[in-house]
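Take a look at the structures below.
After this come two complexes, each holding chain A, first together with chain B and then together with chain C.
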Partner chain A sequence: MENKIQIENVSFVYSPGTTYRTDALDDVSIGFEKGKITGLIGHTGSGKSTLVQMLNGLLKPASGRVLIDGEDIWEKPKEISKVRFRVGLVMQYPEYQLFEETVRKDIAFGPKNMGMSDEQIAKSTETVAKIVGLDESVLDKSPFDLSGGQKRRAAIAGVMAMEPEVLVLDEPAAGLDPEGRNSIFAAIADYQKQKNATVIIVSHSMEDMARWCDNVVVMSHSKVYMAGTTDEIFERASELVSVGLDIPEITRLMMLLKKRGLDVDLGAYTVDAAIASVKKLFDENKDR
Partner chain B sequence: MGEPFIRVENLEFSYDDEENPIPALRNVSVDIASGEYVAVIGRNGSGKSTFAKLLNLILEPTGGHIYINGKDIADENMTDEDVFAIRRDIGMVFQNPDNQLVATIVEDDVAFGPENLGIPSAEIRKRVDEALATVGMSEFAKHEPARLSGGQKQRVAIAGIVAMLPKCIIFDESTAMLDPVGRANVVDMMEKLNREQGITVITITHYMNEAVRADRVIVFNDGEIVADGKPAEVYANSELIQRAGLDLPQCASLVEGLKAYGISVDGDCTTPEKCADAILRAIGGSRGK
Partner chain C sequence: MKNISIGQYYSANSPIHRLDARTKVLLAILYIVVSVLCKNVFAFALLLISGIFTVLLSRIPLRIILRSLKPIIIIMLFTVFINLFMTSGDRLLFEWKFIKIYVEGIYNAVFMAVRIVILIVGASLFLTYTTTPIKLTDAIERLLWPLKKIHVPVHEFAMMMTIALRFIPTLSDETDKIMSAQKARGAGFDNGGLIKRAKALIPVLIPLFVSSFRHADELATAMECRCYHGGNGRTKMTVTHMRFSDWFAMLLMVALGTAIVFINIYGKGYSM
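For the complex of A and B:
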């Protein structure tokens, strides 16, 4: 197990020295495993957005270090823009940032800025358009003529086209319908696989986290509250509830059944695992 | 029961695209009674938002009729005053909390609607205070909207509508951009306005766990209504829900999955609480077989 990004004792304070002083990160240390999808969850105000902005150098730690492949990204502050090409950040509602005449040009904007050749750009655009499921015919349209779900995919493709080693996405599926959500997550998983990229997803949707992430990091009150594999984290569902976080609906059902005396698997956080666990109950009952 | 509050008959709507108009709604007929709590669901492009905008007269039908309180809104004899009366009766809360607040102080924003209705200022004061109390935002009356959270902003937007004393509020994906806490607050608010003040609530949403809290769920697909009933009835038809591009609530998926093993769990399984009850009943029933 190798960490692509390592956060070491990072602290960050907004508006230091004023009455609005807010501690956003308090001595946070955490690693993000290479080639895995890690979910980052926590309340609004828990520090997760601040942490995300540390990962590509948009914010500089007040103290502590951010390491990528073992190297401190602030070692040479003048070269911080290079980090932003290696760590692609997809903000919330990225479709509001589309601006070019055509989808193709919009996707090419980032790669062009990082100095990719035209040939490379064309190839990269083709690859990412396929990953996010945008047809060739859509690429020559104005981004403003696309549906909401298509706009979101075009915006994400624009970051993927830079071929970042690390892809960070803040609520990539917010506001989309179930089909739209699934197609976005499937595209992210596909990018991860094709590039062996390290992916970090911030989301409030526990159902989506449970389904798509290998690892989960839980933030609370400017600190890492827990971190582990998705299995490990959702097994501790009652602790998630105690810090005021949602748990997958199916996990809540398992907890309710357990409370009422049924011997179910509390680690079941996907529908399939829950079906297996509940089926066992019925089987055992029949045998009595 | 007399006239329904809203009657929609053979409603048609197409978006203009020069040569080939894009049909968004086809032959939609539905009644909504005063005091109902209705969730409207459907995938993107199913016509559900168009439907909401037609009810509030933001869009004009290209065919069919909408009657509000028995009045045909396409009637040529409708005066401007009639149109204003309908817009006052049917308020709308939109998706983006940042796009609907206009004033720099919370209470001024809530007063904006009633002021435009020409209501005397003493009455406005009373309405603003009451509306802010209703949404639990009284202590923020003098705050700047810009410094509020998304959920708080939506509650201020709701207060602005409540202050106009509407008969109906349409929530057009009003929770989509909120975090879980903000979302829960806004949904609690919908329920409260409906239960305590008798306001007709129509909520358009992608979230299944919000839809199951309504009394009635209407499903749109491809510009048509494909299901209409109590949440438990609608979600019991898993095949239809999937065809409409929607997700089943996780508990309903579990029940659906158990069927494949010949295990049937009957009853309302739309929430974990109800599903736990149903499973316990089913296990009790299977004992000794």
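For the complex of A and C:
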């Protein structure tokens, strides 16, 4: 399996040499698989957001290397903006970065900075608007007149419109209702499929991770605590609990059942898998 | 911008830190008046000694105090040169073409330098280095209290100052975030000519304005929810009292002022 982005021994310190000094990343090495959706979870202050800003060169590692397709992004520091077009980053609460008169213009801001032609921009805007589910009529409104969920989707569309090979999103669904969350994640999955992009999602919600991600990276205290496929990670649910992370409710239920003596499958982290596991158990014991 | 510090408060436990903020505001004003009053050479010497004494008393490292002089170094050099070359007197020291330097000029240049240094160091020592911004606004509110009699909204002004100070780090944080977000969309802030750079700020300024209005709205709602209704009948959580040390410090300052006026009148030696 090929890694699109590889991080090698990266460390980062905020405010070095002062009393405010904080280690954000401590010798982190991790790879993000090409064409997959990888979830990044961890506590507040575990270094997730810092790591994410390393990926497109917003922050420069104090030591270590960040490789995209095997190339060090800091080899030519002057061309770092090119990296930013390849790795699209959606920051936390991206709706606060909207500024243009219309949604359409705002979406076009990134592509314009890239030097895309007007035709390309129009085409790209149309595509991403469809992906995130913004109607044609919304595109000509002022971004400040939209609802919260629509603003979020417009902001994400603004990054998607640059058609990055890697899409990184920091808490894309924070503060949205369940329906809003699902539509955002569905849009991200849709983009991934259409462009065969590599996607990295930072999230607190284990449920969302379990549902949408192929791989999961768990961070704790500025280090990578564990990494693997979603199946592998949720099989080790009890370890997640030990670092103080939440696990999907259904996994917790399965753990409780196991404790009570039922031999259920602990790797079942979605409701469907759990139902299947319980049903299987039920069928096996039917004769007794 | 994580390590931005508002004002230059230097946390320490010195006699000056322990003074009431109101005292320090008054001391700062008096010190400025005193340093402007100085005329005689011995008066300046006394002023300089008092300045060194205050710095030692405040327990603030010298390098931090010198940092406060950095922004005014140009103004200081300018004043020194003006005084050096423009003062005329009786004792000519040096002449070259149209440039004439008199002994009086050297005196005046040194005097002005001492005066400016004391002015800045004195004011920032009493106000910013040893007093937190919150205590300072509180002190100003209490000192200006009499103005309420003539319907000046003193409390409201103080509250506005406090809120403004409170939001500096918040907004600087926000600017940082918005800049990063726009950089991620390919915006460049440090290339191109002046107009291009100014234009590049629009994607930062508009969201910043929007968010500061949002903050103001939210804060107003939150304050109203907690029944804030201005200064009338409002009591303080911590009320500071003037203590013996406060009166003593002011007495010292007044004594210094009196001594300097006395030296100005009766002192021998060069006078400005």
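Assume the second predicted complex is superposed on the first by the 288 of 288 C-alpha atoms of A that agree within 3 Å, B and C clash if a C-alpha of one lies under 4 Å from a C-alpha of the other, contacts with A are read in each partner's own complex, and residues count from 1 in each chain.
Rule of thumb we're sticking to: a residue touches a chain if its C-beta (ideal position, glycine included) is under 8 Å from a C-beta of that chain, and two chains touch if they have at least 3 such contacts.
Quick caveat, the model's predicted, so the values are computed rather than measured.
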| item | value |
| --- | --- |
| Partner chain in contact with A:186 - chain B first, chain C second, else both or neither | neither |
| Partner chain(s) touched by A:248 [first = chain B, second = chain C, both, neither] | first |
| Touching partner for A:262 - first (chain B), second (chain C), both, neither | first |
| Which of chain B and chain C A:282 touches, first, second, both or neither | first |
| Contacts of A:226 with chain B and chain C, given as first, second, both or neither | neither |
| Partner chain(s) touched by A:91 [first = chain B, second = chain C, both, neither] | second |
| Touched partner set for A:58, first chain B, second chain C, both or neither | second |
| Contact breadth on chain A, by residue count: chain C or chain B | B |
| In the complex, chain A residues that touch chain B | 43-44, 93, 147-149, 174-180, 204, 207, 244-246, 248-250, 252-253, 256-257, 260, 262, 271-272, 274-275, 278-279, 281-282, 285-286, 288 |
| Contact set on chain B toward chain A in their complex | 42-45, 95, 149, 173, 176-177, 179-182, 206, 209, 245-247, 249-251, 253-254, 257-258, 261, 263, 271-273, 275-276, 279-280, 282-283, 286-289 |
| Chain A-touching residues of chain C, taken from the complex the two chains share | 2-3, 174, 177-178, 180-188, 202-203, 206-207, 210-211 |
| Chain A residues within the chain C interface of the complex | 14-15, 18, 20, 53, 56, 58, 81, 84-85, 88-92, 94, 96-99, 109-110, 113-114, 144, 158-159, 162 |
